[in-house]
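Below are two complexes that have subunit A in common, paired first with subunit B and then with subunit C.
After this line comes the complex of A and B, so read on.
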């Protein structure tokens, strides 16, 4: 499969702050790539590098084999982008915005843009300044996909939106992949959404990639296992291969990367036995790796 | 039944599939299993269309590649076929007669995985066999209920 995006050893500093630290990231054609991390982890900084909006301090960024800083036109024509801020020119009407945007993209498909406006029930005569957050997101989405980009980049697209508009965004992701076999990269703090919608997940924390792989591999290598001890424990001693432990007294639950067998031998000396075991959800893995819970999708 | 092509989308049978992120089974396999049982129990009939990939992906809010993988597996198992052009439908006469060796290989692969899991979880062979019988009985009764409620 073709690598549409190839990021190697990317580091970026803002003054003394390290925003990205030796990040490797790859996006393959026809797949949905989810980026997860807490606010400020570096997701947006990574996406801005893919758009050529930031210059790497170290490392390389290639999109379609091109350097987006040196060849922004070559890259941006083939990319669709929607950020959580949905920056749009306030003074324009939607129709004007579409015509204006069309001028930048040789592949612009006005019939598709109109179809989407209709689907969303958006009136082209409305001014951007008067649109609700949801309508802004829908308008931004039309602008991001109507030139049928080879890569759709969505930075926290669902942020602050109701379930209806979130579904429109998922629809755009599904269409991009299912109808055209194109590639999607999206960042989100809604981990259940990422888990369902992504083929591949990259977890970023403090500017570093802490986990990277297919959703199945990630889930296949992280388990949640219950532990029962003969005696009450004030706290669970550190066990090799476990990421986090919750519980109290005789019953505990751990998220671990080791096999069930390895865990069993590790807890046996402590007088512990294993109870049920299952593969961890992305949310559990995220909390275990990053140590902080995030919001869950209200619509789930 | 006529299928409109062109502007109208081919809808396919509405398939009531439930996805559970917490149960540890890969999503594509949850879809495969549920479609298998619907076909086996007659809730999905021979020749009936499955929903288009995009429609089912949207309904379940999953990446289309998960549906592609699920349909691919169902096709490999002979449960569905791809229509020339577009669409996927329930295949005639159930799974085609695979070579005996192939059937054996597939089932042995599953058994090995189950045995190793059972070993990790400290199930004896007896307990495992009992559990299999229990699940089978449960499934049979569930299928009967599903079928009765869909016909009633």
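After this line comes the complex of A and C, so read on.
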């Protein structure tokens, strides 16, 4: 599959703050890529680099093989973007906004835009200033997809939205665009949403990529396993391959990357036995990886 | 309404944001000049001089209003700096700036030309139009050259600040 987006060794500093640190990221054609991280992790900064709104301090960014800073027109014509803040001109009516945006995109499909307005139940005569949060998100989405972009970039698309609008946006659009052989990159801190929608996940923390892979691979390599010990333990000793451990006394639960057999061998000398084991959810993996990193940085 | 290109779309956007101010200050200048000149009998030259100052004062008020009020990311800059539409950053920054410079000049030029045609008063048109356009550009330059914390280091804010410094220079 072709790499539509290729980011190599991308670093970005704002004064003394390192927003991105040697980030590698690839997005392949026809897939939905989820960017996961806590607020301030660097997701938006990465997206801004893909749009050419920021210059890398180090490293390179290529979208369709082009540098988005040097060739913003060549890149942005083929990209649809919805920002977290849904920056829309307040004074325009929705119809005006569509015609205004159409002027920038030779591939604009007004029939498709109208169809989406109907689907969302939006009245073209309404002013942007009078729209609810959900309607603004829907309007922003129509504007982002009506030129049928090859890549759709959504920065926290469901932030502040009710479940119905979130469902509309994620199911109807993200999946449709992906099914058309187009690529979607969306950032979110809602892990269940990312797990449901994405083929590929990149976890970012403190400007670094902490985990990157397909959802299946990530979930397939991380498990949650219950442990029981013959004696009460004040704290669980370090076990190779475990990311986090919760529990107390004789009963513990660990998120681990090792196989169940490896874990069994590792806990046997401690007098431990395995109870039930299941595949970890993305949220559990995220908390295990990022939570640990957060604790470490807090300790430092 | 059909917008044919990014440049026409940006000009239309600037026009839609500023037309009320242009109409208001244009009408104010025209009415003020007309009221003075229509009522003048003796000392026409003195009245014409006062009319010129009225036109100039209104144009300066228009300049401050148009350059300060009509902004989103920054005063006098209609777009958000995280604007992801496919247009060259230089164009994205230059078009609104040039439009505002021209609009500020027009608030003086149109009433001055109309009064000149109606009453034969030799109001200087071109030199003052140029002065107003340069003044508006310098004023926008001053405003744009300030860093904007929300968009710190955004390429488009950097370009806007650079354009501001060039305009000031």
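Basically, the second predicted complex is superposed on the first by the 282 of 300 C-alpha atoms of A that agree within 3 Å, B and C clash if a C-alpha of one lies under 4 Å from a C-alpha of the other, contacts with A are read in each partner's own complex, and residues count from 1 in each chain.
One rule holds in what follows: a contact is a pair of C-beta atoms (placed from the backbone, for glycine too) under 8 Å apart; a residue touches a chain by one contact, two chains touch by 3 or more.
All figures in this text were calculated on a predicted structure; none of them were measured in a lab.
In the superposition on chain A, contact of A:234 is made with neither subunit B nor subunit C. By the touch criterion stated above, A:102 is placed in contact with subunit C alone, subunit B being left untouched.
By the document's definition of touching, of the two partners only subunit B reaches A:170; subunit C does not. Overlaid on A, the two complexes show subunit B and subunit C touching no common residue of subunit A. Against subunit A, in their complex, subunit C makes its touches with residues 1-6, 8-9, 12-13, 16-17, 72, 78, 80-89, 152-156. Within the complex formed with subunit B, the subunit A residues making contact are 30-32, 167, 170-171, 173-175, 177-179, 192-193, 195-199, 215-216, 219, 259-261, 274, 277-279, 281-282. Looking at the complex, you find that subunit A touches subunit C at residues 14, 48, 51-55, 69, 72-77, 79, 81, 83, 85, 87, 89, 91-92, 96, 99-105, 153.
Within the complex formed with subunit A, the residues of subunit B that make contact are 19, 21-24, 26-27, 53-54, 57-58, 60-66, 120-122.
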